[in-house]
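Shown below is the structure under consideration.
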């Protein structure tokens, strides 16, 4: 049983994390902390690891406290730049057995999709990325689609592949989507959809499609639990949950 | 048994048409005509109907001959404008029992897809069109995708629906595709693909997808045969195979 | 503004119906009734139409009351057999302007899918049905999949089509799914899925796919609202929401 | 330039191989051999590697000749059992620099699909396999679907996962497909389709789908060329093209 504290426990995401930790046989929820609560409760409750889904303004103080007390941290809060990561590394030097995981994406499906897209990229002449989201999303294409395209483009370059074939000479503006590092990316906005992405690879006579459908916001919780279970074995700073998954 | 002549019989498309007519139990291939052959063979062979996949330069002479001799015509040749259609109507006035079908698209699947998209359009807040073709295609989006978007837009207007919801405020140019009458259309170009289209409708909590996959150029032959079987019952000029199919 | 009462207002489904009625500009929620509440509140509140998602044991009393008072009813409660429908018809004879809609399925997407499948069936040699649901579902295949297969089989018979082609001579038991009226139906049970169905049609060189994805239980509410808006124009008993939608 | 000979050069598959070798910049087609031709032409033409798509009755003689003469072989002919593989290993001992690749499947897409399915399996509670083929196929499910299910089942066992969740208690026989090592596998037979497979993984709130579409028989040629390019670097016997692809 790993004793877990949740920071941001009353937020939308934190509430789901608390529920998932309580439902897991090998995890025990010992502290639920939100704005106004004292971090000392983490120590008094004996928390071995925390999950932090709070705010960029609060997360560094939280992590300094945790590292000082040798409590591992699995962090989904955003806003980490190079300077913040360096600060964390400095703090962790004094606590060589403590681990911090900073993850922009806890969806195991999204991580697998990006990994498989990278692995498949060298074998196919053509590739395009299509992401589909609810129509209240402000940005297009999605961050995951951009990241996927960058990973594919890098894998193609390394394999010595040239540009994707495209004979389009006439048409309507935007018909071929946006391009990210030379990869065409298309964003759909459809009521009823949540968060979906397809990567289509094509070669002579065949296509390979990798598709991830996130139908519910709780889809990130298995990734958080995977992080909690692995964090004690990964002291120091880790960026990206993919480093904890043994995908290869 | 309907006696059928094929004009353009040695072309790529004509060859497939000849093969399909020969394979059909209720059709008899009595004349195969191409550049340099005499049209009189249609009369001497007793052809009741012809299929014309020739060239814009040849098709009007072919049709004048057929109409003069009371031979029905199923025409896939391109290049018909309003003037040509009026000319055909004039010729047909003198032959009130003869039928001519001009069809830009003989794919029954594409016709059904467009029909269903039109029928579904009034019921959904969101809709987008995605077409996928081989990367040697010159235009984007495809003509079928444009036509589908126009039909959907008209059905939405008639139903009193406003613009599709889209909160995109930031992103990359082209990410949201091209717009045709306010409908977003996305064109993918992928090696290994032939001709594919998806229409995605979405409302609160659900989506409806209509997809057509054309995997082989022979996919147009069932539509040509359907045209041959129905043409005798449709004297005069008909534009569009959908008028022969009882879809409703 | 149509004044609406909801019976079963505190149930899971009823709660969503109340929410949807309140959110609609042209509907007013005037009564929320559940076990223990008096039906008289429908009269005193001036309800013109009710939605009933209650229980087979309660629904007939509810409907007798509504019909007696000239209140239209849109009913999603299950358990209607021929005898119950006949009873309703008898009651409605005395109230010739009152309408009752009994609908086993309020999902507009599912209704459109079944309608399109019926329309497409005569044009394709092959067809199969695949349904996908969460793994806690007790029956396989789903009722909607069975109904879809029956509709397709009937449409094929009417069009004079024979059995679907299938050369399978060796294999594992169950590999080709269940058959309903000669149509192969496959049921998948996958964690994370909600309720999804695909109908695949195939002919020479092409396929046509109609897919419905229900991602959230609220997907039935647009159908309920459509029923409420149309019920006053459909006096007497109607079975099936499809009769209110102008799909053709 | 690798000098290539093709055995079975006038067969359907061999013809495509010849065409693909001729079209490749780094390969030279120096010998086309079929029934009745002398194998000596391989030596006189200077062939460095051969492709063998012949017959189980002919392939062992072909391979003995090639190994004797230090010619590498890429083999798609079927019928290799343990005894034949042992015989090949014996012959190769005397030619330590010669390589033979025996591959039941040259489709890179199918190989990637199986590999990704194996990698994803440990992360998902649910998984099902759906294969779709033309209706003249004799066996169901396909060999690739069976193999995929076996690989997934092994990966689940290794990860300590139990049986897939399935609450089905009532239904029609066959509705849940066949089971291979506890994995549900569904086979569809649809006119117009060629060879397609989908692997669907599902966990709480999300699904991951890996799909391979083979639309044309030429889809195996890139795998054959990949085999030819790598064979000189893999002396001895290799079974399975996946060993030549650097997928991880």
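By written order: A, B, C and D. Residues from 1 in each chain.
The definition used in the following text is that a contact is a pair of C-beta atoms (placed from the backbone, for glycine too) under 8 Å apart; a residue touches a chain by one contact, two chains touch by 3 or more.
Since the structure is predicted, the reported quantities are computational estimates derived from the model, not experimental observations.
Keeping to the contact definition above, tell me which chains border both subunit A and subunit C.
Expected: B, D.
Just grab the chain with the largest centre-to-centre distance to subunit A, centres being mean Cα coordinates.
So the chain farthest away from subunit A turns out to be B.
Where the CA atoms of subunit A average out and where those of subunit B average out, how many Å apart are those spots?
From the centre of subunit A to the centre of subunit B is 46 Å.
Per the centroid of Cα atoms for each chain, what is the distance between subunit B and subunit C, given in Å?
34
Indicate the whole-number Å distance between the mean C-alpha point of subunit B and the mean C-alpha point of subunit D.
Each chain's C-alpha centroid was found; their separation is 39 Å.
Among all residues of subunit B, which ones touch two or more of the remaining chains?
Correct list: 192-193, 201, 203-207, 213, 215-216, 219.
Please name which positions on subunit D make contact with subunit C in the complex.
Residue list for subunit D touching subunit C: 124-128, 130, 132, 135-141, 164-180, 184-193, 200-207.
What part of subunit C is in contact with subunit A in the complex they form?
Touch residues, subunit C against subunit A: 192-194, 213, 215-216, 219.
Going by the contact rule at the top, pick out the subunit C residues touching subunit B in the complex.
Residues in contact with subunit B: 107-109, 112-113, 115-116, 119-120, 123, 201, 203-222, 245, 247-248.
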